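Chain IDs A, B, C and D follow the sequence of writing; residue 1 opens each chain.
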C-alpha cells in the first residue's frame, strides 16, 4: 500500500482535502476519486508518475453542460486504482500529460479525435483511428443516433 | 571450450527437433476432406434461425409480438401478423430476416415468448447475391412442410 | 541487439511500409519503418484500419444487445471479453449468479485463454520461419473449439454468457472432453519443447531481442504476459480476484529480462497454469441452476459507473460503464491491453533489424481489431 | 575412356541424345520434387497435402504448371524491363548445364570432363547473380532487400562449400567425376570425411536458399523476397530452378560422399548403378525437405557469424588434416 498512500498524501497537500473522495469497498472498481482542475492536472500526474503508477485508461464523457475526462491510474498493488476527473467545456483545451506518461501520446490523440478537445503541448496531434480527412467527432452525443443526452447531475447526482 | 560445447549442444537440439517432425510423419492425418466427408454439427450449433413446427398445431407458434424484432442488436427481423378475428391473438404471416447482417447471437431465440424460434444446423450460408440472404421464414416453413 | 550501428552521417535512409497487407502483422496494421539498410531507425505503427466504433454502438444498444460486440473486439479471446462484460454489468446492477454458473464461466474462459495462447504460439513460430508448429497448435486448438462449440454453439464469437449465468448448461460429456483435452495437451509439451524451446536457431533468434523492461512497460501501460516477462507479477486474477479465481491455487509465471524468449516462456507456462485452474474448477463445480431466473432481458442498472478490470489473454482489459438508470448504457469504454503493447513498439523497434522487428511484433502478441475497437 | 573420337558423327549423336534426355529428366524430376515436397510437408504437419488432382494429387504440379503458364506476366511500372525479363532465364539455364557432368551411372555420363566438379560450382554461382538481377530489377523494396540478402548469404556459404569439397578432391587429386566415384569403390568418403560431408550439406542447403537459410525469400519478413513482383511462368522458372538446383546439390553430395553408383561397401546386389545413384540422391533430398519443415529461419548476420566462425575454420582444419594424413601415408 506504500505507493498508494504516498501518492494520496502528496495529492492531498497539493489539492486540499475537498478534492478526494474515497470508495472503501471498491464497489465501482476505483478506490479514490480525485477531481482536479485543468491547471494542476500535469502536477498531479507527475506525482503519480513518481509514485510508480501507470496511466491505465483515458475516457471522455460528453454531457450537455460539460465534457469530462477520466484518467484511471493504477499501480501493481491490489485495489490501488485511482480516477482523476477533469471537467472541460465543449470547446476547451486540456494540458497534455504525454510528457509524463508516453502512453498518453496515443490516448490523447484518440480522445482529441473522438471528442474534439485539443490537448495543448501534445507533440503530434493527428488522427489515430479515423481516416486522415475526418472532420467529425464520433463519440460526441450529437453525432449519429444515441439513446440519451443527459446533464452531468442526472448521471452522477 | 564453450565453442565446441555450443556446436555439439546446438547440433543435438537440431536433431531433437528433427526427431519430433520425423515421428509426426507417421502419425495419423487429421484432415477431413470437406466436400466428400461432412462433419456433423454439435447439438448446440447456432446456424441461422428457423421457425419450429409444433406437433399439436402442425404450424409455427409465432404470434407476431415483435419481441425478437426489438431485441435484435442489428435489427434484421421484420415480423407481420394478422388477427384472424376480433378476440384471438395475431398469427404471423411474414417473418422476414436478413441473414447477411445477422450475427447469430441467439437473443431472438431466447427472448421469444412462445419459444417458436430454433437454430438450424445449417453452416453453408454463402449465397451468390446479397438478396439471397433475405428470407421469409414462414414461406420457407410452408414449402419445407409441403 | 545489433552490435554494430552505422553513424548517422553515412546513412541512406528510406521508408518501408510493413503492412497493411503483410503476412505477419496479425491483422490490418501498418508499421511505417524508416530503414537504413536493414536497421530500423524509426517505427510508427499506423492503426485504425479495423475501427468499427464499438464504443459508439454501446450508446444506442441495450446492455444485452452489446454482448455480440463484446466478443468481436478481440476475436481470439471472445469468451473472456463476454465474461468480463457480464461481470461488469452484474457488478453495476448488483446481480449475483449461482455458483455453478461461475465455475462454468471460469472453465470456458480459461479454455479460451489456452486456445488464444496456442494460436499465438503457432503464428509466432511462423513469423520466425518454422511452419510446422503452427499446424500442431491448430490441431490442439481444434479440440478446444469443438468443446466450446458443443456448449455455446459457436466456435469464435461466443455470446455465451448472460447476466446472472450462462445461456446453456454443460453436461458430463463436456467435463470428460475437457479432461481428455488437458491430458492430451500435457502429453504434447515434450514435443513442443524438443521442437522449439531447445532449438538453437530459435534461441538465437529470440534471446535478447526486443527487451521491454519494467520502466518502459510502466511508461507505455504494457500489461499481461509482456509485463510479466519483465518480472512484474501483475495478473488481475491475483491482484483483483473476481468470480471464483481466489478459490484456486495457481502461480503467476514471470520472466527476468523481458526479451522475446521470456515472453515465450511466460505464455507457455501460463497455458500450464490455465490447465491447473480448469482441473481444480472441474473438481469443485457444484450442481444446481446454471442461470438466475429473475434477471430480465432488458437490465436496468441504477445510475452510476463501474470500472471492471479482468485478465484477457493479452493483458489487463477493463470495461468502464457509465449508466444513467436507463436500459441503454450512457458510455461504454473498453481499456484494451494491445493498445499499450503495440504502442511500446515505437521505442522497442529502434536499432533492430527487419527480421527482429517481425520477431518482436510476433512476440508481443497483438490483435489489431482489438486496438482499433 | 568411353568417348568416341572427338569429331566423329557418333560423338555428336551421343551428345544430342544425352542433352535431350537430360532436359526431359530435369523437368520431370523438378515436377516430381515439387509434388514430393508438398506431400512430405503435408504428412510432417499431420495433414494430407495435395489430394484433389489425380491419385494422391500426382498431377497437381502439372496442373499448377499449366496454371502458371496461363497467368498474365505482369511487369511492375518503373521496373528495369530488360533485366526483369532476363532474370528468370538467367536463373534457369545455368542449372541445366550442370546435368552435363553428373555421374548417373558408370557409362551414363554425358560428357565426363576432367573439370566436372569445377563446372558445377562455377555455374551454381550464376543463380546468386540472377537473384540479384531479379530482385534489383523489380523496383520493389522487399525484392531489393531479398536480393541484397542473397548476395550476403552467397559470400557466407561459398567458401566453406569449396573448402569442404577440396578435401575430397585432395584424396582423389582429380575433378573428374568418374574418378571421384571410382575411388569410392570399397569405402564411401562419408566415412573418411564425415566433417566435410556435414559442412558440405549445410552449405548446400544455404546455396539452394532452403530450410534454415531461406533468407532471400523469407515469406514472413519480406513478403516473398526477390520474387515478390514475379508472376506467371517467370515465377514458375524461379520455382523450377530452385528444385532443379536442389537435385544437383544432392546429386553432387551423393557422388562425392556417398559413392555415386556403387552399392554399400562394394556389393551392388546386381542393382544397376543408376538406381543406386537416384535412390541415394532422393534420400538426401528427403533430408533437405525434412530440414525445411523443422527449423525456424536464421537471421542473415547470424548466418555470417556461423559461417565465418564455425564453418570456415572447421573446413580449413579438415583440409589441413587430410593433407597431413595423405602426406604421411
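Note that in this section contacts are C-beta pairs under 8 Å (C-beta built on N, C-alpha and C of every residue); 3 or more make two chains touch, one makes a residue touch a chain.
Fair warning: this is a prediction, and the values are worked out from it, not measured in the lab.
Undergrad: Which contact partners do subunit B and subunit C have in common?
TA: D
Undergrad: With chain centres defined as mean CA positions, report which chain is farthest from subunit A.
TA: D
Undergrad: Report the inter-chain centroid distance for subunit C and subunit D in whole angstrom, where each centroid is the mean of the CA atoms.
TA: That pair's centroid distance is 44 Å.
Undergrad: Roughly how many whole angstrom separate the Cα centroids of subunit A and subunit D?
TA: 63
Undergrad: Quick check: how many Å separate the C-alpha centres of subunit A and subunit C?
TA: Taking the mean C-alpha position of each chain, the two centres sit 25 Å apart.
Undergrad: For subunit A versus subunit B, what separation do you get between their C-alpha means, in angstrom?
TA: Spacing between the chain centres: roughly 42 Å.
Undergrad: Tell me, which residues of subunit B touch at least two other chains?
TA: As it turns out, subunit B has residues touching two or more other chains at 14, 17, 20-21, 24, 30.
Undergrad: Spell out, as numbers or ranges, the residues of subunit D touching 2 or more other chains.
TA: Subunit D, residues with two or more chain partners: 44-47, 293-295.
Undergrad: Among the residues of subunit C, which ones contact at least 2 other chains?
TA: Subunit C, residues with two or more chain partners: 132, 136, 139, 195, 199, 201.
Undergrad: By the touch definition up top, name every chain pair that qualifies.
TA: Every pair of chains in contact is listed here: A-C, B-C, B-D, C-D.
Undergrad: Give every residue of subunit C touching subunit D within the complex, in rising order.
TA: 2, 14, 16, 22-24, 37-38, 125-132, 135-136, 139, 195, 199, 201-202, 204-205, 353-356, 358
Undergrad: Can you name the residues of subunit D that touch subunit B in the complex?
TA: It is residues 40, 42-48, 51, 290-291, 293-295, 310 of subunit D that touch subunit B.
Undergrad: Residue numbers of subunit B touching subunit D in their complex, please.
TA: Touch residues, subunit B against subunit D: 7, 14, 17-18, 20-22, 24-25, 27-31, 33.
Undergrad: In the complex of these two chains, what residues of subunit D are touching subunit C?
TA: Touch list, subunit D to subunit C: 41, 44-47, 141-142, 145, 148-149, 212, 214, 218-223, 293-302.
Undergrad: In the complex of these two chains, what residues of subunit C are touching subunit B?
TA: On the subunit C side, the touching residues are 61, 64-69, 72, 132, 136, 139, 142, 146, 149-154, 157, 159, 167-168, 191, 194-196, 198-201, 297.
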